[in-house]
Structures are given as structure tokens and as C-alpha cells.
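Got a structure here, written out as C-alpha cells. Questions coming.
Just so it is clear, A, B, C and D label the chains in written order, and each chain counts residues from 1 on its own.
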Amino acid sequence: MAIEPHPEADRDAPASQAHSGRGRLLVSCPDRPGIVAAVSRLLYDLGANISDADQHSTDPSGGTFFMRMAFELPAAREGRDGVTLDAVRDAFGREVAPRFAMRWRMADAGRPKRVAVLASKVEHCLQELLWRRRAGEFDDPIVMVISNHQRLRSVAESFGVPFHHLPVREGETAAQEERALELLEGTADVVVLARYMQVLSPAFVARYRERMINIHHSFLPAFSGGRPYHRAYERGVKLIGATAHYVTEELDQGPIIEQDVVRVSHRQRVPELVRLGREIERRVLARAVQLHLEDRILVHGNKTIVFE
Amino acid sequence: MAIEPHPEADRDAPASQAHSGRGRLLVSCPDRPGIVAAVSRLLYDLGANISDADQHSTDPSGGTFFMRMAFELPAAREGRDGVTLDAVRDAFGREVAPRFAMRWRMADAGRPKRVAVLASKVEHCLQELLWRRRAGEFDDPIVMVISNHQRLRSVAESFGVPFHHLPVREGETAAQEERALELLEGTADVVVLARYMQVLSPAFVARYRERMINIHHSFLPAFSGGRPYHRAYERGVKLIGATAHYVTEELDQGPIIEQDVVRVSHRQRVPELVRLGREIERRVLARAVQLHLEDRILVHGNKTIVFE
Amino acid sequence: MAIEPHPEADRDAPASQAHSGRGRLLVSCPDRPGIVAAVSRLLYDLGANISDADQHSTDPSGGTFFMRMAFELPAAREGRDGVTLDAVRDAFGREVAPRFAMRWRMADAGRPKRVAVLASKVEHCLQELLWRRRAGEFDDPIVMVISNHQRLRSVAESFGVPFHHLPVREGETAAQEERALELLEGTADVVVLARYMQVLSPAFVARYRERMINIHHSFLPAFSGGRPYHRAYERGVKLIGATAHYVTEELDQGPIIEQDVVRVSHRQRVPELVRLGREIERRVLARAVQLHLEDRILVHGNKTIVFE
Amino acid sequence: MAIEPHPEADRDAPASQAHSGRGRLLVSCPDRPGIVAAVSRLLYDLGANISDADQHSTDPSGGTFFMRMAFELPAAREGRDGVTLDAVRDAFGREVAPRFAMRWRMADAGRPKRVAVLASKVEHCLQELLWRRRAGEFDDPIVMVISNHQRLRSVAESFGVPFHHLPVREGETAAQEERALELLEGTADVVVLARYMQVLSPAFVARYRERMINIHHSFLPAFSGGRPYHRAYERGVKLIGATAHYVTEELDQGPIIEQDVVRVSHRQRVPELVRLGREIERRVLARAVQLHLEDRILVHGNKTIVFE
């Protein structure tokens, strides 16, 4: 489950940065009466104003309860003395979380997540993310692009984003991953696989558990694995799709964040499916990344709770 | 706004019916800190278990706050002594609502709403609602069908629903409406216009404000008024749609509940548009009715807040 | 491939029926120059007016060519002497088809196909087809409903359609199929499996090759086999779908005719997926049946060419 | 109607360019028997191989007939002597077109159309077109960007496309248009208004009749004119859309080429609608431009026939 505080996230935080006064609380715990009352009471007592809240229960008796609350600390925002986000986090961890056996995370909405993109040769997903960032669709910076090929260097650099070429040579994949981790460690909070055509080791995956998003170019679980458009063509499906999911050890089996499809007919051969697919891949990956950056996703087993 | 208690709803309620112990609270009020805390505290103190909650604020500072909370009173459900829904309603109206200047409504989820359908000659929307009711898609009974034509009598009666033929004669529309109101009064909680081809008087509309749903066969505000498929064909649109909305005095101008579209091309002439449109009309109207029956809709000005 | 004349179709035709003067020609053959010219020339010489034509080639050099042409024989329609559809069929089979090694079929658009529906316990797909037929969405008659349960008798009979109860007892499935074939033979041109929960024998399937349509309640090839909604829920997909396909020996592997999906979220548990799925199943099956009835589908290997 | 040869198109063609041997014929004429036979016969006699054909008739008796045929001249493609596209065009114009009173156009599929983009301050539509061109989604070159602001210069130039700044000063709009026409004349075959926020004069519009495509940020005819997202928000619609159309003298009234929508809810305020709208605007405009570049659109009155 994703909801324990990521120690790395805290470690990575620039020490000097002031808190924004806008927090996002993500909680999961066994469902029982009083949870919302306790959480909202604490926030109220600390002067926080809940601006958005959403909750879900798999079953009110004996199920699991999930909640996302976005709140503001008006005093902090206005630069006056007042309760800080750290103080809210401390109080919550002390007074509320243990009482309900919560797994939880409280993010500072004002502290951007640093995004690293791993890509290979095809550019459309990388290009879409870089463009959306520049267009202001999200505030979180794309801090680097890592690729096993040189081809996308100019794309990254035309957006002013550092590009690292880490070629994958046979028998040296471990060394390449090591080098990637050195670049990422302390620098990236989220890793996006934008059509990165290498299978990552379990160790690498574990390092970015629930923080690494992949785009698969099919409507999973249909056509997991390689050459999905070829196989979609062979099967004669009337819709093709794309799936964004968190990466887990099992290929294409991680928790699904977002999916979409587009209608096709007998007229589209594989190249046209690839072309149409680009549009959905771009859209689905961008939506998944945006949901993650806004702390809207909770992972529960192998599924996601997405509070839109 | 819809959120003051409908006096009629209470008056209509069979006095003897036991409460189900499942409540739905709908609230709107000026946004300020402490609302969620106060509401959830009261429910907790009375032993209610919140099973679902959703909220929305047009603006955390100075905006309007909207909330839907579904809750259960376990004791009441188990037939044991305990707080009744009436007691919760009383306490809420006394202790919480005035403090935040709330407009609010607390529905008994176990008391079905009684649905009346007004139709004319085309059957698809009526048929869809009758079938969905029989298939158990919703529990609320369809208590009557009223029509200005005889044509749909057999459809209604084949589902065991009483059919009332109220022809509209020139110069006697007021009398016809009067007769319809006599049938509806005390008998129906919701009125659905399932392609009812008569414009209702402001007095009639006022009587079912926010409780009368119409399906318009276009994507409003495009093609409001008559013959929308003809006009869509003339304009050469590439999508046709349907819109379900609450009925207000102004034709086709009421708060939109649900809309959907389907792709068309130059190949479809008006009859094919009409045929394709039936499918969307059925789907959109059925969804809107379901949302209403589940108390998921708040009206704010001329817009709806739909908590899905 | 579907495009050789179905001998049964001819055998089944009431001998006395006059031709409508409206034909639909379906052709597939190795692609090479001159096909369209030869076909359109013949039709022109015989006085036919092409009202609709569509073609597709997997590859202009060395690929397979597919074509659908709808045409009218004005003289025949007006009751005057003139070329009959039979004469066109004869001339085509003699002069054009052999020259291009065509597999082909020429349907009389005025002769309805007789539809038999096989269903089990859930009614929504059957109900949708019966209702669409009554509403005039297609002209082809539904001539019988066969079910292994009694539950849907009243549905069929309320639409005036004969209902045959053929229970499936262990060890007697062959006999049950035999009885079904006796009912269908010479009486039905198309068989629709409207959530019929029995696997049919290869012999039965072979008898209605490319004339038997099934609705599967998932987006194939995802979740082929049993309990697809449960498995979709387990996998946490964000879209659920339905697939209509021609039945072949391999379960859920036949040529796909039509698919569609609907968006779902973590909020929908299995019963809600089942309910939402009904809507797509109804829509997808009805579309597939309509396409088949209008002779818009060609089968090529395990895929369909659908001329919409 | 669009189907007479554009004299400009011919005049603009570089004289030295060899024909590709791939032609696209677009035809409209009064419907009557023999059209397809005559056209396909001529192409066959000249050695052309029809690779794709589509047709539509508003009414087989007395209606208008539309057809698109894509064909190949194998000899020409192989560099051998053989019939050229010019020869086919001549023969068609002499032998077939007059016989059926056709309006028609025969495009050389190998000669790219030169695209000019007019934009103002928002970049997403321009960016999408530039990126699709670079990604090879279409082969036709974007030859220039004209803008009344400087803001998008770097976008255009980062893709290597010349940028012309033509500011619009009050009282000098005629001069600005004059300057734009000088740039476009003989240089551009298609003009795309990629959120160009100036109303063009009737004279300018007439110059690019059926060759100038605009993207409007609403689902027309809803919210034609200014500030459509604001008005969509005010009206509380549940879907927002975008419309690509050919520009005519009347603002937002030209023949619609392509439309699409996306679902929204009460949660999206105007800025989010604007952001979501960008995605549809990009997609809809790109599709419309692609359809135009592939000669798939015929204009009939104020509507389009789109052969997909």
C-alpha cells in the first residue's frame, strides 16, 4: 500500500523551503464509525479549511476505508504565524492515525514533485509530457530524461531538460540501472516510463514502488507483453486502447491508473493502429501522471482508488 | 435550490412506514471552516456510520459548499432500540443546520420515491424506464403513466402499471393539467417526462420544481425547441446528443443533469438520426432518473451538482 | 469465408415470394485491376442502379479485395417487366464471378432474415432485441425464442414470439441440441445467443457458421471465458466492455463484429459492473445483429470486414 | 461546392515535379445509373488500379451522388512509360465528367499540399500540428506560421518553420490581410486557423473557400461566438466539445468537418474547462486537417461528406 510516508520523499525535500499551507491527506484503514469525525475535528481545531474531500469504503462493516482530503492553513498562507503543515502532520500522526490503525500520507501541495522520464526511441509520450509541463498543465518540474538511445536528446534539450544517455549493452544491464539510480536518487520523486523499452529489475522497481508509472500500448489485460498493435490487428478488435499503471515486478500486471480506447475498423492496418494508438497513449499517460502529481491515487492490493 | 426539505415529500410519506436506518443528507451553505467536522461529529455522536461522502466547494473562501453524506444507523437496522432517522433529522435541524445557514434535506434511503411518467406517442423512453424498474435497476416504483394519447396504454399495462389517458383538447389544457395534478398529488414524488410532447404551464412546473425530469433529444443548448434531429441534419453535425434536465418555466433551459452523444456521419438521414437518438435518449434519461432517485443531485442556480 | 451462397438460405426461401428489386452483393476475391469496372458494368447493363457501394483491399497488389454493393432494379420495383434479382444473380455467377475467382453472395434486401434467439435466464439482451423489432428498428422477424429455462417465457410471449423450453439435462446435451436444430432448420436464418449460457457442440456451430452471433460480456480478448465481470473487478480495470462475435468452435475466439466499453471506477463493485454491463451488452449485440441483417459483414479468416 | 478543379492548385504546382502515379478522384453529380460503371471503366482502360472507393447518394432517384476513388497507375510508379495522371485527368474531363454533369477534382496523391498556419497567442493547436508533421503523421509540409503576435515565434522556429509576425493595428486590418495574402499566394494550398483570434474579411475567406479550416472551441452550434468555455460553464453542460469547420463568411457557420466532446462535471471551473478543451481542440483540428490533406472531404451546401 502506498499510504505510509515515503521516507525518501521527506529526505529529498529541500530543507529551506517554506510550506505552502496547502496539504493533501491520503488515508486508508479498517472502516469503522468516527473516522471522518476525528479527522475533520483535528483539522478544524488546527485552523485548517477542508477544500476538497472524497472517500470510499469497500464495505462499511468490516471493509477498508479510503479518504483524500485537501485542506488549507490560511494563516500559513498569509505569512502570519500559525500552524504549519509539519505541525498538522505531527498532530495527525500522534492523535488520529494510531487510533484507527491508519496508513497515511500528508503531502505539501505547494512542493512540486520532481519528475524523471525514461524513454527509448519513440518520442510522442515524452513530447506530450514536456509540452504539457511547458504549457502549465502541471507545475511539477521534469528534471531529467534518461534514455538508452540518443535519438530523443534534441527533444529533451529543446525544452531545456537535461538528457542522459545510458545505453544498455548486453550483460551490462545491472550497471546501466545502477547508473540510472545514481541520477535519480535524491533528484526525482516520480519516474515515468514513456515507452521505455527495457524491462527493469525487481530491485529497481522496488525502489520506485507506487512512484513509477508505465504506459502500455494496449487495453490491459488484453495484449500484455510485446507487439500489442500487431496482436490487436491479428485478433481483429474493433477498439484499441492504452493503459497507464504503476510498475510492479510482474510485467504489465501493476495497478491500473487510467485506460482509454479508440474505435478502429478493418481499414486500419498495423501502421495506422500505431498512429492512432499514439494519441491514446499520450492522453492516458498524461492523465495518469497528472493524477499522481495531484496525490489523487491510493493503491489497494493490485488496484487503484482514484479520487478525481 | 433543492435542498430545503420538500414539505410535500414529508406529507406524502405513509405515516406507518418504519425507517430503514439508512439516510442521505444533502447540504448546501456558505463555505467556511468546520462544516464537515460539525456534521460528522453529530452523526458520530448519534451512532451513525458514514458509508459514503462527497463534497464540493465553488470556492473555499466565500464560495458555496455542497455535500452529500450517506449514513447508516446500525441499531435501527437491526431492529434494536436506537436513534431513528427522525431523531437524526431533528438533531441536525436544531444543532447543525442553523449554525451554518444550511439549506438541507435528509432522505430515508429505504423509502422509495414514487415515479410517475408522462408520455405521448413514442414509447422508447417509457419502455426503458419500465423495463429497468422490472429488472431491478432501481427499487422505486413506477406508480402510473399519464398520456395525452392512448397509444402507449398496452406498454404500461404489460408492465402492470396503471395508465391514465388525459387527452389535450384545444382550449382545455388547463383542465387536463388539473386532472393530471389530481392524479399525481399525494401519489407521485417524481415526474418524468418521457418524450411528453406538451408544454406544461408555469403553475404545473412550479409544483414539481426540481422533481420533474425531461429528456430533450439534442445536446443542449444546441437545438433547443422543436425538431432537433431535423435541425442537426440540416446543420451537418458529426455528433448527435440527448440531454436530461429538470424542468423549469423556460423551455429546455432547466438545470442539466446528464448528457451524452453518439457519432454520426453524412450517411445518416433524419430517420436514422431519430433511430440512433433513441438509444441515447433512453440511456441519458435512465441515468438521470437513477441519479435523482439516489439523491445524488443538488441544484445550484441553474446548474446541478451531481455526486456520482 | 462467408461469401459463398448459403445453400440453406436459398432452400429456406418461400418459393412464392416476389423479389423486391433491391439486391445486396457481397464479394471477396484476389485483388487485381478491373473488378469494380466489371461488376458495375454488369449491373448497369442489366438496368440496376447502385445505391451504395463500399470496398476494401488488404493490399492492392496481391491482397484480398472486398466489396459490398447495394442496388435497385427500378423496373422490378415498379411491378413492370424487367430484369429480376434472380436473373442478375445468374448473370453475375456466369459472367463476372468466375473471371475473378470470387466468393460471393447476393441477398434480396426485401426478403427478411428470420431470427431465432437462444437465451437462458437473464433477459436484458432478449428484451432489447424483441423491443427493437417491435419498434421497427429492423424488419426481420424474430421467429422463436429457445431457452434451457422457463424464466423468459413471459417476456417472449408478451411480444407474441413463440417460446420453446429445451432444458439441458446432464448427459443429454446432444439430444437437446438435436431438438433445437429441428426447431431451427428451415425456420431460422440467423441464430442469436442472447446470453445463452451453454457451450454448443462443434456440429451445431458448423451448422450456423457465420450466421450465429454471440454476445460476450467483456472486451475480448480480455476476460474470455467465465465470470468476466468478477475478473474485471479483480484486475481493477477502468473500462468494462462487451463483444459481439460470430460463434466458432473455439469459445470466445470467433470473428469480432462489434465492441464497446463504458468507464468504471473503484466505486463499482461486481453487481454495479453487471448492471452497467447490461447496457453495453444490449447495445453491442443489437448493433451486431443489425449489421448482419443488413448484409454489412464479410468474414475474412478470423476477422470481419464491416461496411457501415 | 468544392469539386471543381481549383485553378490555383494547378497554378501553384511546381512545373518540374514528376507525377506519383497515385490519384484521388472526387466527384459529385446528379445521381443516375451508370456513373460507377463509366468511371471504373475509364480507369480500367487506362490501366489504373482502384485501391479505395467510397460513395454516397442523398437519394438514388433524383439525389446527389458523391464519390471518392483512390487509384494507382502502376506503370507510372515504376518509372516505365505509361499513362500519366495528367493523361487520366484529361481523359476523365473529356469523356466522363461532361456526360454526368460532374463537378470533380483529381488530386495527385504524391504531391503534398503546402500548409500555412495562422495563430495568435495560444500554442496548443499550432504545437500539435507542428509535432504531428515532424512525427510523420502526414507528409504535407507546414510552410509558414503567420501570427498577429510574437509569442509563438519560438515554437514555430524550434520546428524549423518560418514565422511571420503580422500585427493587427486598429484601422489597418485590411493592410494586414493584404500582407498575409502576399505571403500565402502561390505558397500555401491550405490555411489552418489554429486558434487565430481575428475575424477575416469576406474577401480573404473567399480566396480560401473550402481550403481554410478553423477550430472552434465548442460543440457547434452550441456556443458559437466568443468565450465558449465561459458560456458552457454558465450553462452547466456535462460535456464540452470542439468543432473543426471550413471557414465561410458567417462566423462559426461553415461546413463542419469533425467534432468531439469530453465529459466534465461540476468540479471543473472555467480554467479546467479550458485545459480539458485544449486536448479536444488539438485532436479535432488535427483530424480535420488530416482528412483534408488526404482529399477525403467533399462539401455539399453547408455540409461535408467525409469519406473515412
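Rule of thumb we're sticking to: a contact is a pair of C-beta atoms (placed from the backbone, for glycine too) under 8 Å apart; a residue touches a chain by one contact, two chains touch by 3 or more.
Since the model is a prediction, treat every value here as computed from it, not as a measurement.
More contacting C-beta pairs link the chains of C-D than the other of the two pairs B-C and C-D. One simple way to say how far apart two chains are is to compare their mean CA positions; for chain A and chain C this gives 44 Å. With centres taken as mean Cα positions, chain C sits 39 Å from chain B. Averaging Cα coordinates per chain places chain C and chain D 37 Å apart. Multi-chain contact residues of chain C (touching two or more other chains): 56, 267, 308.
Under the stated contact rule, the graph of chain-to-chain touches is complete, every pair of chains being in contact.
Here chain A touches chain C in the complex through residues 56, 58, 219-223, 235-239, 241, 255-261, 265-267, 269, 302-306, 308, going by the rule given at the top.
Across the complex, chain B meets chain A through its residues 32-37, 40-41, 43-44, 47-57, 60-61, 72. Against chain B, in their complex, chain C makes its touches with residues 123-124, 127, 131, 135, 137, 158, 267, 275, 278-279, 283, 308.
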